[in-house]
Amino acid sequence: MIRFNCDYQEGAHPRILQKMLDTNLVQTIGYGEDEFCAEARAMIQKACEAPEVDVHLLVGGTQTNFTFLAAALRCYQGVISAETGHIAVHETGSVEATGHKVIALPQVNGKITAAQVDEYCHLHFSDGSHEHMVMPKVVYLSESTELGTVYTRAELQEMRAVCDKWKLYLYVDGARLGYAMASDACDVDLPFLARTADAFYIGGTKQGALFGEALVIVSDALKPDFRYVLKQNGGMLAKGRLLGIQFSELFRDGLYFELSAHAHALAMKLKAALVEMNVPFLVDSPTNQQFPILTDTVLDALSEKYSFSEQQRMDEGHRAVRFCTSWATQEAQVDALISDLRRLMGA
Amino acid sequence: MIRFNCDYQEGAHPRILQKMLDTNLVQTIGYGEDEFCAEARAMIQKACEAPEVDVHLLVGGTQTNFTFLAAALRCYQGVISAETGHIAVHETGSVEATGHKVIALPQVNGKITAAQVDEYCHLHFSDGSHEHMVMPKVVYLSESTELGTVYTRAELQEMRAVCDKWKLYLYVDGARLGYAMASDACDVDLPFLARTADAFYIGGTKQGALFGEALVIVSDALKPDFRYVLKQNGGMLAKGRLLGIQFSELFRDGLYFELSAHAHALAMKLKAALVEMNVPFLVDSPTNQQFPILTDTVLDALSEKYSFSEQQRMDEGHRAVRFCTSWATQEAQVDALISDLRRLMGA
Amino acid sequence: MIRFNCDYQEGAHPRILQKMLDTNLVQTIGYGEDEFCAEARAMIQKACEAPEVDVHLLVGGTQTNFTFLAAALRCYQGVISAETGHIAVHETGSVEATGHKVIALPQVNGKITAAQVDEYCHLHFSDGSHEHMVMPKVVYLSESTELGTVYTRAELQEMRAVCDKWKLYLYVDGARLGYAMASDACDVDLPFLARTADAFYIGGTKQGALFGEALVIVSDALKPDFRYVLKQNGGMLAKGRLLGIQFSELFRDGLYFELSAHAHALAMKLKAALVEMNVPFLVDSPTNQQFPILTDTVLDALSEKYSFSEQQRMDEGHRAVRFCTSWATQEAQVDALISDLRRLMGA
Amino acid sequence: MIRFNCDYQEGAHPRILQKMLDTNLVQTIGYGEDEFCAEARAMIQKACEAPEVDVHLLVGGTQTNFTFLAAALRCYQGVISAETGHIAVHETGSVEATGHKVIALPQVNGKITAAQVDEYCHLHFSDGSHEHMVMPKVVYLSESTELGTVYTRAELQEMRAVCDKWKLYLYVDGARLGYAMASDACDVDLPFLARTADAFYIGGTKQGALFGEALVIVSDALKPDFRYVLKQNGGMLAKGRLLGIQFSELFRDGLYFELSAHAHALAMKLKAALVEMNVPFLVDSPTNQQFPILTDTVLDALSEKYSFSEQQRMDEGHRAVRFCTSWATQEAQVDALISDLRRLMGA
């Protein structure tokens, strides 16, 4: 079985494991206050060209999202998200479990617009008395989105302006941030994000680490006491060094970007082949997740050799499915898939 | 100013106040364990033809909703509601504040259907692994809805069947239950509800009481320990007698139904007059809330003498607004409104 | 049965009921924005000699406590309380249900000291890294306490200084504030509280109202958006007028203080008689709650005619019990109790 | 610097790292449903002689505690713990953050007794009306405790009986379970725990793993839907394989017990030397944490070469401190410490 169903089915880049081996018996203090974490934080600040940001290293994406939101929101405040946002549908209500509503807005290709947020706030919060509704306080975006699409600089700047207008924080879920930044369709880089968002995280789990997400807090208002919230929500790893080691390796010599580019190139190779076969897509994704629409016959045949994830039934006979590449995907695996697709499609 | 903007702008029916006066210095024990509450509970059980139901008397509707849901849901479960449901939009996220997601479904005229709930559950919970999503456990309906519409026996029976299929509790918000039951369009009565829902509440605040909602718990699974949840959520009134007195008066000699019929008749008189004037409606409401669409000119003129609530802008020049009647509305007030409308409309 | 077991077993002072009757059909807007609430707020601001404080009228004490604390605390912060504090033991964990720890300190006679709070903070928060513990942010006191004792101005000023030192809010639960202020042992008045606490509430339920507690928010940091928290927690009464009417009557012509003095005088009469009979006390209470230690024989005989509440078994043969007077207690009731006690004690 | 301040300052046993390397590019499905996790679960079931228990693998101890308790408790229920319990003091109120009170009982040497729990329940829950208090539902113990002490089989059986009497769940925090079981003072083993507790966890983080705690759920009532709670609380690791690999290595060929015995032997060597030097102890700990009371002079001198954790100031001039050994401690490190202690003590 060759797995394309997600981008977290292998371990980690060998350099990370090697560094763990090399440092295994070095004694450090715990909870992220060790020298490996310090190095990782400094490297991320440097990559962001933002020495003043706070960087916290957490274990997983759901944890990072609800922990950040628990810290950012007062009890009567909520977070605006696309209705397809990961926090809205795939985190078992973890945000609500911390007491906060996810205010879901309709999406197009996994994205919401600044105009939508502005309209929502205008409709509900433009005159005096709104205390019967949840006050929106954070806008949550994913870069890239659940559907592989990306926000551009222009779109994020518009969203920033609307957030300033309504006193909202802008938070970007970067579980696949590297894969987004590797795309030609995405002109965003880390320094831009650090100038534009109030907080964002740089995903490690799907991007070459065993696990780990680096939360970057830009806004001074969000910095104080964050480690309390981290501990309270189970996000303060005893052997924090493991996160420090991983992120310092990922950001040493540009490995993070190199791995992202690798995954991206293979996804584009697959996409080009599908386009050539005239396969339609659920959405035109410029990143490492591809959502072709194929016949049940083809998919059933493919599933004997490949795994992919089910996205949506289109009609009797066709389904949209998801193929992901990752830092660990081998070109031969993609070539085999393309070749089998060609054979099955009679192309 | 004659107020039609809501149905809770006066005090209480005089019989209730008189009974409070008469019993004022009677000493009772607190927290709803007094003889007045016992009487009210017995009268409600009798009206429901269901001696086995538990009845709890709470102060307000929001409190009743979140307290019941906090008791009914485990931490990973949520409640399905129309996207216009009171818990979804007008309770400042009180359900989320207790840790639970409101799963909002699209509505038509304020209602959701059994088929929608079935489809949602089928789509997300028909095969093995759903633990990344909030598990639906309660279906929340309002009788009547925020838009004045009603669920019929047939609709509630279908919803019951779907709830049984997916092991969901059916809960009915009856803030305006009397007004619903007074409508020709609604064939539901209390015994039917007590046979069909797992829990529901009989609204007092909008229906003749100073305050108070009578929560009826039908399902045995929901009965144990409810008073703990009541106390924890601030819903256990020290002088519970005040609730007992009000509900025993409302259910003595059918006062509750009489007051509901009064409000209904006046709403229908207003509706008939509007129809006669060819006024369109946002929704065809058969209950005490009416949503005519009128011109800004007419509404601005009306607003000097009458209050009503803003519902929705329809276009440049027209708005849908809400007029409510209640147990306290006087026929002369409705007649004055109709007369002024006729004059302003040139009808 | 003559009831001394608590101070909330009658209805309300007749002037309150009369005013409700007189205004019953006056139409007002809801949710505390009516003219009765405005008047009550202004009267309380005046009584506090503090026109700048915010005043919110809630229904009950538990609700007031957890709503205020939910608004005042961030998710990682907690509230310091005497281990006997009402929030620590008698509110079914309502503070914890909003996500916050009650940090319970040992008490003497129901009270904690400034020195204790200082020591706790010094021990746990005097050096750099405390993020594994709940950060204390509010000190909760009751005036009078669960054991009838009072805090003096000097004690509250010391607590204020410690709160300033550690950046804590000082919050006073005044469910029995009038009864405390009526005592010779208590030199606190409303203007002093409004200068010293960050927030406090003036109890109505136990002090002449049907229900209602007036929360006074002094600190500017605690004022914004409080009505959202009020609504979210079920504390925004639809017919807020009922609270406005009650508090404006209580503060008109000093009724609140008059009723408090009445209860106090009767408690002192009972206490003096008990002292004369050489009855020991669990605690020397200078307020409306008295805690004599009596023999089981005497208590069993008394219980045929009087109700009182059980406080604590002292030894085989003796129990401490609680007798409360209130605004509604009649002198004849106290005289009867004293006379029966004398007879049973053979005094 | 030689570190004795805690038992989680190195990486993992080399066999674990080697297995991670060997399997690094094996593709697996995520979220703990892979074959490595299946193997680990089976090995733990076998070690517990309990094929029917559920085993879930989580990342950290705080996370395991609050996730389990969130699943086990209804909203009005709480957990009984020693006042020194980890959940009571060192987890930043994470249990309260999920809405539940930690009911703290006084401890002796870090332990609470069955008699204490029985008395607490008897005092507060033996007659009819307790709904003003949090209902206790879980008893939380640590094996070994924060002070290094252990519960014996006899003590746990007594606690089990009291739990049965009051319908409480018995939950054992086993962050240092191996170290406890390695002690002569502790006659508990895994099969005994699986027969006696309703749930417990087998600590990995402090016992040879990079991270990871294996939660064993014995009681059928606690099994359903646990993975929802796991996901909601951020405890479902995307690459769950990492947990599976670690626990299967730890339980292969008895490595877990071997590492525990190693740490224990070194702790006993240190303890024996301290006893020989007539050093008093804060508590007589039979496990890997030792709490000697030493002079400031000695400790200041030691601190230049060794790290230890501060436990408690005893008087002017003496402090109790904590030295931990672990699976990674080398005998030479302990020998050096003993030798330096002897020199500094003039022994």
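Just so it is clear, A, B, C and D label the chains in written order, and each chain counts residues from 1 on its own.
Heads up, the rule we're going with is that a contact is a pair of C-beta atoms (placed from the backbone, for glycine too) under 8 Å apart; a residue touches a chain by one contact, two chains touch by 3 or more.
The model shown is predicted, which means the values in this text are computed figures rather than measured ones.
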Interface with more contacting C-beta pairs, comparing A-D to B-D: A-D
Maximum centroid distance from chain C, chain identifier (CA atoms): A
Rounded Å distance, chain A centre to chain D centre (Cα mean): 34
Computed distance of Cα centres, chain D from chain B, in Å: 50
Residue list for chain A, restricted to those that touch at least two other chains: 75-76, 91-93, 97-99, 131-132, 228, 231-232, 236
Chain B-touching residues of chain D, taken from the complex the two chains share: 70-71, 74-76, 98-99, 129, 131-132, 135, 225, 227-232, 236
Partner chain A, residues of chain B touching it in the complex: 75-76, 78, 89-93, 96-102, 104, 131-134
Chain C residues within the chain B interface of the complex: 1-3, 5-6, 8-12, 14, 17, 20-21, 23-30, 59-63, 66-67, 91-94, 97-98, 205-206, 210-211, 228, 231-239, 241-242, 307, 328
